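Two complexes, one shared chain (subunit A), two partners (subunit B, subunit C).
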Partner chain A sequence: MKRAVEELAIFGGTPLFDSIKPVGQLAVPPLDAYLERLRPIFHEHRLSGNGPVVAELERRLAEYHGVSHCIAVANACVGLVMVLRQLVGGKRGNAIVPAFSYSGIPHIVQWAGQMPKFCDVERRRHGLDPVAVDRAIDEDTTVILAVANVHGTCEIDALQEIASRRKVPIVFDSVSALGASFGGKMLGSFGRAEVFSLHATKMLNGFEGGYITTNDDALAQVLRDQRNSGVVNARLNEMHAALALLCVDQLDDVIGRNEARYRAYERELASVEGLELLRYVDEAREHYTYQMAFVAVTDRWPLTREDTVKVLRAERAFAMPYYSPALHHSSHCPIGVAVPELPVAEELARLFMYLPGGEHTTIDDVASCGELLRFVHEHGDEIRRRLSENAA
Partner chain B sequence: MKRAVEELAIFGGTPLFDSIKPVGQLAVPPLDAYLERLRPIFHEHRLSGNGPVVAELERRLAEYHGVSHCIAVANACVGLVMVLRQLVGGKRGNAIVPAFSYSGIPHIVQWAGQMPKFCDVERRRHGLDPVAVDRAIDEDTTVILAVANVHGTCEIDALQEIASRRKVPIVFDSVSALGASFGGKMLGSFGRAEVFSLHATKMLNGFEGGYITTNDDALAQVLRDQRNSGVVNARLNEMHAALALLCVDQLDDVIGRNEARYRAYERELASVEGLELLRYVDEAREHYTYQMAFVAVTDRWPLTREDTVKVLRAERAFAMPYYSPALHHSSHCPIGVAVPELPVAEELARLFMYLPGGEHTTIDDVASCGELLRFVHEHGDEIRRRLSENAA
Partner chain C sequence: MKRLRLGQHYVPSWNVVEDGVRGIFERAYFANNGPLVQDLDRVAAEATGVPYAVAVTNDMMAMMLAAKSLFRQGGVVIAPPFLSPQLREALVWGGYRVRMLDVDQITRQLDPDTVERSVDGETAGIVAVHVLGNVGNAAELEARAAALNVPLIFDASDAFGAATSGRLAGSFGDASLVSFGEADLLNAGEGACVTTRSLEVSNRVRTLRNFHPGQTFAQMPLRMNGKMAEAPAMLALAAFADVTERIAMNSRRFDTYRRALEAVESLTLLEPVDEQANYQRLVVELAPSVGTASHVARCLDPYGIEARPAVAATDAKLYPVAGAMFERLLELPNGADIRDEDVFEIAGRLKKIAAI
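Our next item is the complex of A and B:
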């Protein structure tokens, strides 16, 4: 551990970790189990997607989410574009999206032929603010794309009520909320459809891939036909499905390890003044996967969030700002889209960073991060002074 | 072999083949070689795309195509949308596309924010007719998406000249033309960019995936940044790249087997009146992969193309109509798009079918198909009568 400020890696010291501690889940099943699954796919030349393993995965996931239909697709982005295009029915208009979210959102709605209309978010779950959505809907609104967040999904009930009353279809991007519940009910059957990811950094690792869930029989049929026809290349390959299936089996174990890491962060950060761990919303009642540890960098912390991230990254702790900048202020905001003031999104986008997590971060690593952060706090003035000298 | 019409599978006889004879390439390397490549990816947890194997594949493919940049992407459809979106620069207009092509074309241009403007094709290479393109360009034209076909690419020189003179960017969808040349030069460096596929049914099998080639440094950088940022999920996974790399090594062997099958079809069909094998254009000068055998079903053949496909499929020979119907007459033509008369596209769309090919079709299988087709010709009147009785 560091004994002096010059031992920090950002000032030339040896990094705290031997290898990068990432933020993604990166859970894998035992390689041999995977090869067992891979061999028949290879030998029977089931190479071009939508074989029996994909069908088995779809059944398992439909059961897991308590939903009628699961349609496996090439990735979540393609799945979202397919769903949105289907629901807007050829109209070109505005898709209501949260301004505090990931950078793909404005691109996805444009691929679906819509322009994003950025709305503010609420402070508890950090999802679309229902009041703002109700106000934002106008005659050009074609769809609401709500994003469910890892630590609290979003205000699903209120958003569904507005969508229903205003007769605008609502879709949930639940990529970050796989394994979470709302009102005690697992995500997967809310809105017209939900979309999940099978990317390696997410909860269920298919190396790559995604899936759509819906209780709407007609929508499911259309999406399945589109995928199977190869109209757009949206099929999921058997080799992805084989990996994801094995990962479904170990999901509870992965969640258990995530929660242990999260509780370790709780303990560590309790004694670090100025950094506040973001709590999972209503933990007593809801399910979560505890995949991420987000920390609010408050005014009582001696460094800016950006400097803190730099210090951590130099130590090979892969911290990063969370959903920052807000989308309407980012390079992802399309030219011509109005940039309103969205105070909550702007404030939250300045506030949080992720800390390392997933399978490559041990409880000891979390303890090391805690010790490092206490050291940074203790020597905050000196670090800040040295950083500004280096920058000058 | 069939001795009587009732022995045809469509009338209840035993199918000619024990398993389906497909049309896709479906070439795989030895499984053990693949597992050798897969093991380190798995053990080093290089799971989330764009690792060293992807970089190696990109170098190999750039060399193969004689082009400065190869950008591996999740699939060819995503690659095309990325390139088109970049070249139109936020404008919404018309993308000129061939009416005689695959069903994804109108969807891809819509995902790129454009509407398709269908143009007629020429009779030699079956690509965009340069005269028709020159006439079709107007102030709303944002891009030309030319499709290069397996048996003769398209009129690349003439199309590039028009694109340059009329100042409209041109992109080649070269998915079917991987391994083909034009004017003796390998495809990959024509137009502003070309897009290829790594789908299992195509020449280079990565299970899935695609890549963009271009000599435009600035365009390459933008596309690479977009892919790497994960703005849209466009990364190629290492496990796909590992498979594709092994398939590059065996490409010459695969092409050799394809050509042997194609020559067998030449021999077999020489004695089948009314079916004409589509020739590869200027074989003496150009490179081809001979992946496909297309047959024109002429008036001298006793059955319609559709009935011929039915008869063949019942025998488990997976024949299918080629690019049919023409796109402007298909369900893939978006509502509101003008449906002009495009006589060559319409005629070609009625004319051709594919015959079985790829790694699952042996020379003996080709001979069996030839024998079957001779039998069908000989008993054409009776088969036609029975089919119409069954339909009644």
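Our next item is the complex of A and C:
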């Protein structure tokens, strides 16, 4: 552990970790089990074309989410564009999206022929603020794309009520919330459809991929027909599906390990002044995946968030600012889109960073991160001074 | 009953798959422009004789990103009527209107003179197809598009390895797309790449295929998750390593079809037109007396033989040449699992259908 400021890696010291501690989940099944799954796929020379492994994965995931239909696709973005294009029915208008979210959001709605209309978020779950959504809907609004966040989904009931009352279809991007619940009910059956990811950094590792869940028979049929008939090439291949399928079997274990890491961060950060671990909403009632540890960098912390991230990254702890800057102030905001003041999104985008997590971060690693952060706090003035000298 | 499938369906040997998967697990690098995708970008460029290739999710994504990298927003894209439905949909997703132009009766490709007459102020670009695996008159269309200052993209998915006048498919126009679907010569399960001679175009496509600030090489207002993962990249690399052998197997099978179908007057096996061919698509032209390609495909189906019209459906009233191609050209199984006896079985069934 560091005994002096010059031992920090950012000032030339040896990094705390031998290898990078990433933020992605990167869960894998046993290699031999995966190879066994692959053998018949290669024996039959059947690598794609909505094969039997994709069909089995769809059945398992529909069961897991408690929905009638699961449609596996090449990746979550393609799935979202397919659903959005179907729901807007050829109309061009605006799609209501949260301003505090991942950078793909404004791009995805444009591929569906819509322009993003950024809305503010609420402080509890960081999802679309229902009041702001109700106010933002106008005659050009074609769809609401709500994003369920990893630490707290979003205010699903209120958003669904508005969507229904204002007669605007609502779709949930639940990529970050696979395994979470709302009102005690597993995500997957809310809105007209939900879309999940099979990217390696998410809860189910299928290398890359995604899937759509819905209870809407007609919508499911259209999406399946588009994918199967070759009107849209959105096929998931069998190698990816086989990996994801094995990861479904171990999902509970992965969530258990995530929660252990999260509790370790709770213990470590309890004694670190100025950094506040973001709490999950209504933990006693809801399911969460505990995939990530988000930390608010308050004004009692001696460094800026950006400098803190630099210090951690030099130690090979892959911290990142969380959804920063807010989308309407980022390079991802299309030219010509109105940029309103969205105070909550802007404040949250300045506040949080996330810390290493996933399968490559052990409980001991979390303890090391805690110790490092305590050291940084203790020597905050000197670190700040040296960072400023280096920058000059 | 064994089903005789359309498509190539080549896979690498199991040892290659096992070693490749083991390597991916050891590196714990599954997606996001991993080391195998980077290798593939280099290998695909070399193999098509261009400096740059960018691997992406699949052929539809390749068309979405190539179009966005070259065509101005919201214009009209000229294409042949048999452009595949998913590539057409890719252009629609990109916000383009597609204007179909019938093809030339002899070359079965877009006619440069007709294209020139059709280009107007609304034209954003041209998408041409190396149809049935033939490069054909691509150089002529390329020169005409350049003179008109209209960007040109080729769908080279049927033609990887085909060449004319020493130039390989994948090297024509401002960019080409090569599919790595399981029906293609280069089978990665799913996947594709965009090939180009332009550093600027490659930088745009490389930027377009992801949202990450660290993977930004050009200012692109619209982006997408179009990344290829490591498993398909591993298979595509193995396919490039095996491609000479695969083409030789295709060529031998083609020769078997030649022998099996000779002396059947109502069926003409379409020979490649280029100096160098990949023999990926096995297509027979049916005499009108035999019936349409769709009809013959339905007749073969009960015998476990997959067949289909060799080009996508089109309105014959609007596009007589492409419409006739849809009606008269029949594609037959020509994949890794088709043995000589299967070829003779298929030919025998065809002869009986032709004789009725």
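Just so we're on the same page, the second predicted complex is superposed on the first by the 392 of 392 C-alpha atoms of A that agree within 3 Å, B and C clash if a C-alpha of one lies under 4 Å from a C-alpha of the other, contacts with A are read in each partner's own complex, and residues count from 1 in each chain.
Basically, a residue touches a chain if its C-beta (ideal position, glycine included) is under 8 Å from a C-beta of that chain, and two chains touch if they have at least 3 such contacts.
Small disclaimer: the values here were computed from a predicted structure and weren't measured.
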Fit-or-clash call for subunit B and subunit C when the two complexes are aligned on subunit A: clash
Subunit B versus subunit C as contact partner of A:90, first or second or both or neither: first
Which superposed partner A:110 touches (first subunit B, second subunit C, both, neither): both
Which superposed partner A:76 touches (first subunit B, second subunit C, both, neither): both
Touching partner for A:12 - first (subunit B), second (subunit C), both, neither: neither
Partner chain(s) touched by A:184 [first = subunit B, second = subunit C, both, neither]: neither
Touching partner for A:47 - first (subunit B), second (subunit C), both, neither: both
Doubly contacted subunit A residues - partners subunit C and subunit B: 26, 28, 31, 34-35, 39, 42, 45, 47-49, 74-78, 81, 85, 103-104, 107-108, 110-111, 113, 199-201, 205, 207-208, 229-233, 235, 237, 239, 332, 334-335, 360
Complex contact set, residues of subunit B against subunit A: 24, 26, 28, 31, 34-35, 39, 42-43, 45, 47-49, 74-78, 81, 85, 90, 103-104, 107-108, 110-113, 199-201, 205, 207-208, 229-235, 237, 239, 332, 334-336, 359-360
Subunit A contact footprint on subunit C (complex, rising order): 9-11, 14, 17-18, 21-22, 25, 28, 30-32, 57-61, 64, 84-86, 89, 93-95, 181-182, 187-190, 211, 213, 221-225, 227-232, 235, 335-337
Residues of subunit A touching subunit C in the complex: 26, 28, 31, 34-35, 38-39, 42, 45-49, 74-78, 81, 85, 102-104, 107-108, 110-111, 113, 199-201, 205, 207-208, 229-240, 243, 332, 334-335, 360
